[in-house]
Amino acid sequence: MSGISELLLLLVVVLDLAILTSTRLTTCIRTSALQGVLLASLPATLLFEAAGRAPLHVVALGVFLLLLKAFAIPTLLFRAVRAADVQHEVEPFVSLHVSVLIGTGLIAISFWLATVLVLPRLAPSAMVVPAGLSTLLLGFLILVSRRQAVTQVIGYLMLENGVFIFGQLLVREIPLAAELAILLDLLVGVFVMGIAIYHISREFDHIDTERLTTLRG
Amino acid sequence: MSAAGTLALQLAMLLALPPLLPGVIGRVKAWFAGRRGRPLLQTYHDLFKLLGKGAVYSRTTTWLFRAGPVVSLACLILAGLIVPLSGPRAPFGFTGDVVLFAALFALARFFTLAGALDTGSSFEGMGASRDAAFSALAEPTLFLVLAIMCLPGGAPSFAGAWTALSPVASGVGRAPWFAAAAALFVVYLAENSRIPVDDPETHLELTMIHEVMVLDHGGPDLAFILYGSALKLFVLGAVLVHLVLPFPASGSWTFAATLVAGELALGVVVGTVESIMARQRLQQVPQLLIGAFAIAAVGLASVTFQGVR
Amino acid sequence: MLGLLLALPILLVVTAAASAVVAKSDRIARIVGTAGCLVTCGVGVPTSLVAVLRASRDEIRYGWTLPVGELHFGIDPLSAFFLLCIFLVSGIAAVYGAGYLLAYAGRRRLAPALVFFPLLVAAMATVVLARDAIVLIIAWEIMSVASFFLVIFEHDRPEVRRAGVLYLIASQAGVVCLFVLFALLGRAAGSFDFDRLSGAALTPGLANAAFLLAVAGFGTKAGFWPLHVWLPDAHPAAPTHVSALMSGVMIKMGIYGLLRILLLLGPPPSWWGVVMIGVGGVSGIAGVLLALAQHDLKRLLAYHSVENIGIIALGIGIGLLGVSQRQPFVGFLGFAGAMLHVLNHGLFKGLLFQAAGSIQKATGTRDIESLGGLLRTMPVTGALFLVGSIAICGLPPLNGFVSEWLVFIGAFLGGAAFAPGWTVYAILVVVALALIGGLAAACFVKAFGIVFLGEPRSDRALQAHESGAAMRGAMLVSALLCAAIGVWPAGALRLVAREAAELARIPAGAGPSLPMLSAIPRAALVLAALATLLTLVRALLLRRRAVLRAPTWGCGYAAPTARMQYTAGSFARPLLEPFALIAGARLEARGPDGPFPTSARYARHFGDMAGERVFAPAYRRVLHLFSRVRGLQHGRMQLYLAYILITLIALLVWQLSGLGGR
Amino acid sequence: MIPFVLVVGPALAGVVSLLTRDPRRALALLLAVSALHLGLAASLWVAPPVKSGILGIDPLGLLFVTTTSVIFLAAATYSVPYLLRGTHDASIPPRRFVAHLLWFLAAMSLVMLTQHLALMWAAVEATTLTTAPLIYYYRRPQALEATWKYLLICSVGIALALLGVFFLGIASSAAPGGARALTVSGLSAVAAAMPRPWLQAAFVLALVGYGTKMGLVPLHTWLPDAHSQAPSPVSALLSGALLNCAFVAIARIYQVCLASGDAAFARGLLVALGFTSIAVAVAFLIRQGDYKRLLAYSSVENMGVACLGLGLGGAATYGALLQAVNHSMCKAGLFLLAGNVLREYGTTSTEAVRGVWRRLPLSGALITALLLAIGGSPPFGPFWSKFIIFRAALDGPDAWLGVGFAVLTGLAFLGMASTLLPMLQGGEPRPGRAEGVLTVVAPLALAGAALGLGVALPPALADMLRRAAATIGGAP
């Protein structure tokens, strides 16, 4: 029985939509933090469902993930928001309704792709591929459609989460070192982006990336 | 006839006969105009007089001005030695002589024009410009005529052409050669700056072509030029006559006689044309020459379609 | 012998390096550079001459670490002949340059001219010696680059920079064609080695493609119309001795390449000949017409290069027709005439450019309209320019006449001997050559007459002075060679007989003989004799007669001035009007208007149709297209990210849709 | 052992460099490390490479790690006068600059030397993170904009690449015995058994991901901004070394596809993207108003050429590798020289710069030489690589590709020339301030290398190229 993981993944997708529809930056950050919590619990759950027991290093990894995705990164983002003191996503290119429509469309596409990309081995959960893909694509959607730098970082996080979900199929194949390296990259990446946002807000007293268009041709 | 004999005879003809042609033309024109006209041998007299005179050179001019008449005349004489006058084989004839023949005319012109420009007079410059233009436009026609003439012989030489052209040898209809002759006649008028291209008797510098170029020449130089133009009439006329009249296949007095007769007839024709035609406007001269080219092209077409071999 | 010939390019490269090292001092660099070139050419001329006359054939191969072919060099009459041209003209140009460069001393560094000149010569020599397509292309590129840097020697003048860019574009376009050409041939033969290429059995389609590519690729360098557009800008831009070298031999490398390819491609179909005749006729006539329209002396000469290349192409066309029509003798005449014209043009065009350079150095201008009367201030240059003019007009008794005569004879014979359908083309060659000759004569009467005769049209022309010994010497040598070939054509023919026979597919040893050539020196002799005779006669007649100097007859006008003289523009006008279309005539007239007209203006401009109506618009269109593409980089990051997403989805769909069914 | 040192050494050195306050000491450390790095890399050529688990050396890695350290040494030499002359904002101590450079080197070495795809991914991402601060080294708004775009676009792209790597793992799990470790060898062993959709999707993702980093059109958008805003030595490294990392990464994934038996699909993708890159880059080269952007777009074009060569396979693979090496030498040199021009004229606008030949004779000459080199005119190296690829394209199934390639590379050269020549030519005769030895020695060396690669390719290098090409589908 793989109900829990199914549920988790479903929730992840729902949270994707939630982030997509919310304009308050703080809300977005909190939601993505919540998503982080879900994802942190995913590997252990999956293995537990598959093998009935979860190896220690996987649990440890889960804890690390929790710290990273649910606390460290959100804190960085909150810092950035405070520095830039902006509350709302300025009017995005595509209005929220439209973006929700597109989002659902993307979810549909990812479910279609899941039919093409049949998992070669019995998957721990049938939801992995569609959930991963839709998280990825929705993250992309946010990246493309939002203007606030912070929101875009959140989009990038969603993207990473989508990839991470796929990673769950290979927990055993990826050595802990590589896993940690990847996560470290993520952390540092967000950290550097936070610094960049800080500088942007200080330099331009806004973080509306739409106005960063001086470099052309 | 021996080679030396041919040379001697040909030289004699070249020296003696050319000045006759202007006389003939003049008489014909006078006859048309109902005047008595100048004596037939007037040109000889003029030449003699000029040779006896001194010379006046413009301060602007350089050695080139003096070289002009000499070189041109030399070229024309050599051209006269290349074209057969007393037999199908001219003293200096060789395979490819037709090209040299045309080139010599060009060289003569080059020096005449340069001499004209050397005076720095705007009138002579104008004449030079016009002469250069018209002769350049006449050049293709001249060569086309020569080509048509040489096709039956298969060799680009007067000798080859004449032997093939002589009634004995030529197995082909003469139509192409009459076309060629017609075209050549226009070139002939242009090259010798006669009506309708130029009026040798005009007295207004603005309208002259050849005359204006030699305004500053005098004495022996002018004599050379006068004789040169007569020579040009004669030598180029010889080619024209060859195209029209049937010639004996071998060198002989009859050959020479036919030629002289033809030349005189040609003089009459030119005189007639000058009497009955008016001078063309300068802008229309190119059309005239292009027309001549068209005629020659027709000739070429009829040759090629008869498949000359 | 081949070893020695191969050493020469190396020696030249060393020279270039040496003069680069001593570049700090203009004087030493000048000495080093010139000396190196002189030594090389001094060795090269006799060596290649012997190689031509002995018709020696030889080849050398060296290894090569790169995975393409090997270094393969060789010598045969064709190569040897072009080597002779290269070394001869380069040597003369080097001497002239030694004197000419003094004009720049102090104003700018001479080093570039002295470094790239030997490099250019070396590259040309290598092009001719190469027996492997790769080697040839490399040498070709180096040749283009070296000449480019020579062209932009005076790079602080904007028109020079423009000419440079144009030249760069042209050579790139040309070399692309060559890349494709040789890659196609190499694909068919499985190798870039000429030996293999000549052995390769090509399908007719491939052979035709190769021929057309060669005409385009090599033709760009040679300056066939309409690919000539770079030429009239580049040649005047370069320093004079370089113009002489470029116009004299570098553009002939295009001819060499074409002939080499023709040797490789095997028996040609007749229409190749027709193509060459068409190209040649148009180039010749358009070139000379545009030359007539020029007022810049060097530009005028540059356009005459187009004309002469046209004449060469006509010769090649007759040659090809002769081969394909089974008339080897006609073919021989065509090729022989073409190749002899290569040498001749190198000589007299070099001479003319050098004379033009002397004029520029003496008067500081190349504008014909402001010159005049130079024959008195620069007698030697003037006389030599006259020689060059007569030669380039193809008039006896100089070399131009000989080569054109050969082509003429070929055309006449072909007209009589070809199959009925093809005779017309032969006669067309006759007509085209005649027209070109007539126009060229008019053009050089204009050039010589306006520049050297009459009264000076400006103070500059008044203050002209004869040029230095080095320059005069160089010009004199060229002139003497022009005369030598003119009066001894039989000897000159021996330089081209072997390779012409080879190109005409005449078996070795059965080289045809042209006894009638002996008539030309005889005619020249008679001509000279007659001229002297007449001069003597005149002298005798004038001996005790009054010989006076007076002002020119002004037709009654009392106070003529130099500005009243006929100008070059008005001289050329009546010739250009009938060809207004080809010469791209533009009328600029503003008649007097109003009751009290103040001013009126009438000007007739003639331009280069190929450049103005074909290439310039195309160039603008391409630039416009590119500016549209540049819109992609608009700075909006969101859209940049969208690019990624779209690409991803597109590629995924492309890849997976095919598999969806499985 | 040595590979380990190559990776960890620079990283530690970077940390150490943070301790010193004296920029001179930091620079001395930088020079020492880069020289040692090169030495060690060179030593690997003589010592037979050992394959060991995660850090293994194959010809491909060795070839490019050596190239990287050559370029790095050049950049290091150049940055000595660069930093000491204080042309930068004094608010940031050079030591941080040095530290980032060293970490960057470590990351790149890891990319080249690891056989483990996940680790390689982490390393590539690390290169992004270590270089981002370097690009923002000048605290200028544009620099900030460029940094931001670089960060986000590259991170996003790279994330896709990670997904691609995961896909490979997933695909490998179809093989009997379940999934394998994500090492090239491990995956290649079972590649034949991988299901096509996963393999193809994996390659597409990896190509798009690493392609972003490599600067393939239309994923290249960050590249001109970052290259033009970064300090010149950094630009040189980005163009000369970083792009190669992405190239190697793609090559590794491609290796797996090859092992799967038919890589036709991968070829098609590589050719398509490569050709597009060349074609589009050309449009940006002509009439380019900023000479550093010009060089950047030329990098796009050249990496496109390499990508095309990789896709064409056969002889072209050799050409592609040679092309990558050539491009590193030429472009790094050009960026360093651009630094000299920038210092002399104080602007990157092509319009504002005139008469370089007269004011900076040596730099001017070197720019000219490298312009010819990168433009593909003999006897410089790129001529050969481009010619080999051109020939392969023309011999290939569709010859028009070759023709198009020839035309486009020709246009690219013209574009660069018509933009750079006006800067070099003309100008007033007065010479500028003297060019320091250290500012020209590195470009000189690189130009020499570019020439040497063309005139006399060292047999050892040729052999290494051949072996490296053999591992990624090159015909012997």
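Labels A, B, C and D are assigned to the chains in the order they are written; within every chain, residues are numbered from 1.
Heads up, the rule we're going with is that contacts are C-beta pairs under 8 Å (C-beta built on N, C-alpha and C of every residue); 3 or more make two chains touch, one makes a residue touch a chain.
Remember, it's a predicted structure, so these values are computed and weren't measured experimentally.
J.: Comparing centres built from CA atoms, which chain ends up most distant from subunit A?
T.: B
J.: Report which of A-C and C-D is connected by more C-beta pairs in contact.
T.: Comparing A-C with C-D, the pair joined by more C-beta contacts is C-D.
J.: Quick one: most central chain, C-alpha centroids?
T.: C
J.: Could you tell me the distance, in whole angstrom, between the mean C-alpha positions of subunit A and subunit C?
T.: Here the centre of subunit C sits 69 Å away from the centre of subunit A.
J.: When the centre of a chain is set as the mean of its C-alpha atoms, what distance in Å lies between subunit A and subunit B?
T.: 100
J.: Starting from the mean Cα coordinates of subunit C and subunit D, work out the distance between those two points in Å.
T.: It comes to 44 Å between the two C-alpha centres.
J.: Please tell me the distance, in whole Å, between the geometric centres of subunit B and subunit D computed from their C-alpha atoms.
T.: 78
J.: Which subunit B residues sit where two or more other chains touch them?
T.: none
J.: At least two partner chains per residue is the criterion; list those residues in subunit A.
T.: As it turns out, subunit A has residues touching two or more other chains at 116-117, 140, 143, 209, 212-215, 217.
J.: Listing for subunit C: what residues touch at least two other chains?
T.: Subunit C, residues with two or more chain partners: 630, 633, 637, 641, 652, 656, 659.
J.: Write out all the pairs of touching chains, ordered by chain label.
T.: A-C, A-D, B-C, C-D
J.: Using the touch definition from the top, list the residues of subunit D that touch subunit C in their complex.
T.: 148-149, 152-153, 156-157, 160, 196-197, 200-201, 204-205, 207-208, 212, 218-219, 221-222, 224, 265, 269, 280, 282-284, 286-287, 315, 318, 355, 357, 372, 377-379, 383-384, 387-388, 390-391, 394-395, 399, 402-403, 406-407, 410-411, 413-414, 417-418, 421-422, 425-427, 429, 456-459, 462
J.: Using the touch rule from the top, collect the residues of subunit C that touch subunit B in their complex.
T.: Listed in rising order, the residues are 372-373, 375-376, 386, 390, 393-396, 401, 404-405, 408-409, 412-413, 415-417, 420, 423-424, 427, 430-435, 437-439, 441-442, 444-446, 448-450, 453-455, 516, 519-520, 522-523, 526-527, 530-531, 534-535, 537-538, 541-542, 545-555, 560, 562, 564-566, 570-575, 577-578.
J.: In the complex formed with subunit D, which residues of subunit A make contact?
T.: Per the stated touch rule, the residues are 116-121, 136, 140, 143, 149, 152-153, 156, 159-160, 162-163, 166-167, 169-170, 172-175, 177-179, 181-182, 184-185, 188-189, 192-193, 196, 199-200, 203-204, 209, 212-215, 217.
J.: Which residues, counting only subunit B, touch subunit C once they are in their complex?
T.: Subunit B residues touching subunit C: 51-62, 64, 66, 70-71, 73-75, 77-78, 81-82, 92, 94-100, 102-104, 106-107, 109-110, 113-114, 117-126, 128-130, 132-133, 135-140, 142-144, 147, 150-156, 205, 215-216, 219-221, 224, 282, 286, 290, 300, 304-305, 307-309.
J.: Which part of subunit A faces subunit C closely enough to touch in the complex?
T.: Within the complex, subunit A contacts subunit C at residues 93, 113, 116-117, 140, 143-147, 209-210, 212-217.
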